[in-house]
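Contents: one structure, followed by commentary.
Every chain is named by a letter (A, B and C) in the order it is written, and numbering of its residues begins at 1.
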Amino acid sequence: MKLAQALLIINKSGGLIYKKDLNGANNNPGSKNGNEYLIFASTLHSVFAIVSQLTPKSIQLGESGNSDVHGDDIIEHVPYIPPGSNDELGSGNSNNNNGKGTLGNNNNLGSYHGTDFFSSGFRSWSRGGVRQIETDALEIYVYQTLTGARFVLVNTRSPAAQSAHVITRIHTADNLLRRVHCLYGDYVMKDPFYALEMPIKNSLFDAAVTTLVAQY
Amino acid sequence: MTIYSFWIFDKHCNCIFNREWTLSSNTNSGIINAKQNEETSKLLYGVIFSLRSVTRQLSSDSKQSDIKSISTGKYRIHIYCTATGLWFILLSDFKQQYYTQVLQHIYGHIYVKYITHNLLIPSDLAENENEKRGQGVKRITNKNFIKSLETFLAPMIS
Amino acid sequence: MSQPEPQKIIDPSSSSHKKTVKKLPTPLNTNASSCIYTQSLAFTKNKVSLSAMAFLFQEMVSTIYKNSKTMAEFEAKLNKHGFGIGVRLLELLNFRASLPVTTNSRSSIFPSSSSTSAQNPSNSTVSASGSGAAGGNSGSGSTTDRHSNGPESLTSLINTMKRRDLKILDILQFVHGTVWAYLFDHPSDDLVKSSERSNEYMIVDNMPVFTQFIPGGVSCDFYVCGIVQGFLTNAGFPCRVTPHRMPQDGFDRRIVYLVQFDKQVLEREGLRFGSN
């Protein structure tokens, strides 16, 4: 099962700096020529600022008073989900310690030690920003970084994925996008010929992303 | 599961009904029809409008891809668009997956019953040109509609 | 309403924190400035963050790139930066190779070294400080130890200085093994003599550490070439070193460093060791 259809990276000023069709362009006839993605990137960027202003009164009241919004922890704290544990996505049960999910030693993790880029849960940096958008045909997940860059996963809806709870799906996507962020830190940030905030044209990063996504 | 507010927009971008609950413990708290011309309604409309059009372009078969929900770290927006251009919008906590059925029920069993079938209410609340393009001031004030909606949504508030 | 109370709690602790911070810099600063001089020359397994290294290298490369007009100039400059490191490495690594096995865990040239270290108490302090430094937080105690009697005990350990490498093959073995292990934590993957030209040798690295995050050509590998070139030239083997990408066996970043010795090196070798 393919998890991802397209992967986008949006820089902090709303420009689309990286786009990768993961299903192969010939797979879907209505493949987008990139213009749609450009518009999408800037729209998403502007929506981010607005969405936090729309926070309902009752949440605002709850936050200013005693913080009894325990629910925040559920979505803000993302558990570690190893790649390849698709059953996580399919049935929603959490037997992620079956070992097949680890990346193994054959995989080059760049400057990261150990078996995976990270080995524990993390806190989402997205505070009130858009995390997921669902339409009849698509699921879009957004991973926000501290520097303002956003990693976006565009995914076709599959019936198998629907059975998992939406929070589990957001967490799985966050795990994938965080790994892409790790690769970005290695292969884009450490490229001396890359100009910041500019489109990423990098064969090594491309290859690394392809191998990573293939595990999902 | 908690719901925070409920909105109806018509095809002229006018907010024709809105209900916001301020206290999750009190189902009678909050306001009815007070925010139509505030920034909030326009922002909400704008967010959904732009995301709706842009996601339509992204999906390969645009004929059957409408936006269903937008999730943020704090809340979730559920959207149901009818063929007549009405938007039913519900803001809930993010844990809730789908409210499509709820919104469909509101449309089919409450809106159609009390508003569409009511001959005293005009089919289009914006009657002249000035009231189109988001400038409308008319709203749904039908007592039966509000009462029925309150009864239906009350269990979901807390 | 409850703000004043936490402030009271924070204030004294923060002021006392400031005091400790104020006290600290003096010992810290003297330590930091003299650290590089007091540090033992003996082999310690120091690990450097690959990320930090890569960022530093990236910044160096981009600065050189901006200040270069042509690609050849860029490569030459990068080469020159590496050259200086190679020159210094020759000194350091040859010295380390002279140390007995307890301090230099890699070379086993001196079979009797273990017994000498057991007899001499000063040896054990050196080896202890050597291993302790790898831990990082061994504290100021070991640093002062090293400072007071470190250098004397280190030189007293050396029974025989390592002889200068005279043969091409010897010095290349040293580069392949010791230099590579020092730089990249593993010996180079292969050392090959060219079958076509007698002055050409190849050092193979399947996974170049410095340039693993840099896409495109091999220009940035001129830095490592510079290190090798500086090392060999200063050892009396003037040569040219160039990088070539030759993917093989799934290593698509595999790099071959081609070492071309000057004619005089081969002539000297022929005169001294007979032509073969």
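The criterion applied here is as follows: contacts are C-beta pairs under 8 Å (C-beta built on N, C-alpha and C of every residue); 3 or more make two chains touch, one makes a residue touch a chain.
Which chain is which protein? Per UniProt: A, B, C = Trafficking protein particle complex subunit.
Bear in mind the structure is a predicted one, so any value in this text is a computation, not a measurement.
*Asks:* Using each chain's Cα centroid, which is most distant from the centroid of chain B?
*Replies:* The most distant chain relative to chain B turns out to be C.
*Asks:* Please find which chain has its CA centre nearest to the centre of all protein CA atoms in view.
*Replies:* Per-chain C-alpha centroids ranked by distance to the global centroid put A first.
*Asks:* Quick one: chain B and chain C, Cα centre-to-centre, how many Å?
*Replies:* Each chain's C-alpha centroid was found; their separation is 67 Å.
*Asks:* Nearest whole angstrom, what separates the Cα centre of chain A from the Cα centre of chain B?
*Replies:* 29
*Asks:* Give, as an integer number of Å, the spacing between the C-alpha centres of chain C and chain A.
*Replies:* About 39 Å separates the centre of chain A from that of chain C.
*Asks:* Where in chain B do residues touch two or more of the other chains?
*Replies:* none
*Asks:* Which of the residues in chain C end up touching chain A in this complex?
*Replies:* Its residues touching chain A are 49-51, 54-55, 57-62, 65, 207, 212-216, 220.
*Asks:* Tell me, which parts of chain B touch chain A in their complex?
*Replies:* Contact set of chain B toward chain A: 2, 4-5, 20-24, 30, 39-40, 43-44, 46-47, 50-51, 54-62, 64-75, 77, 91, 93-95, 97.
*Asks:* In the complex of these two chains, what residues of chain A are touching chain B?
*Replies:* It is residues 28-32, 36-37, 39-40, 43-44, 46-47, 50-59, 61, 71-72, 74-76, 124, 126-138, 140, 154, 156, 165-167, 170 of chain A that touch chain B.
*Asks:* Using the touch definition from the top, list the residues of chain A that touch chain C in their complex.
*Replies:* 108, 110-111, 185-187, 189-193, 202-205
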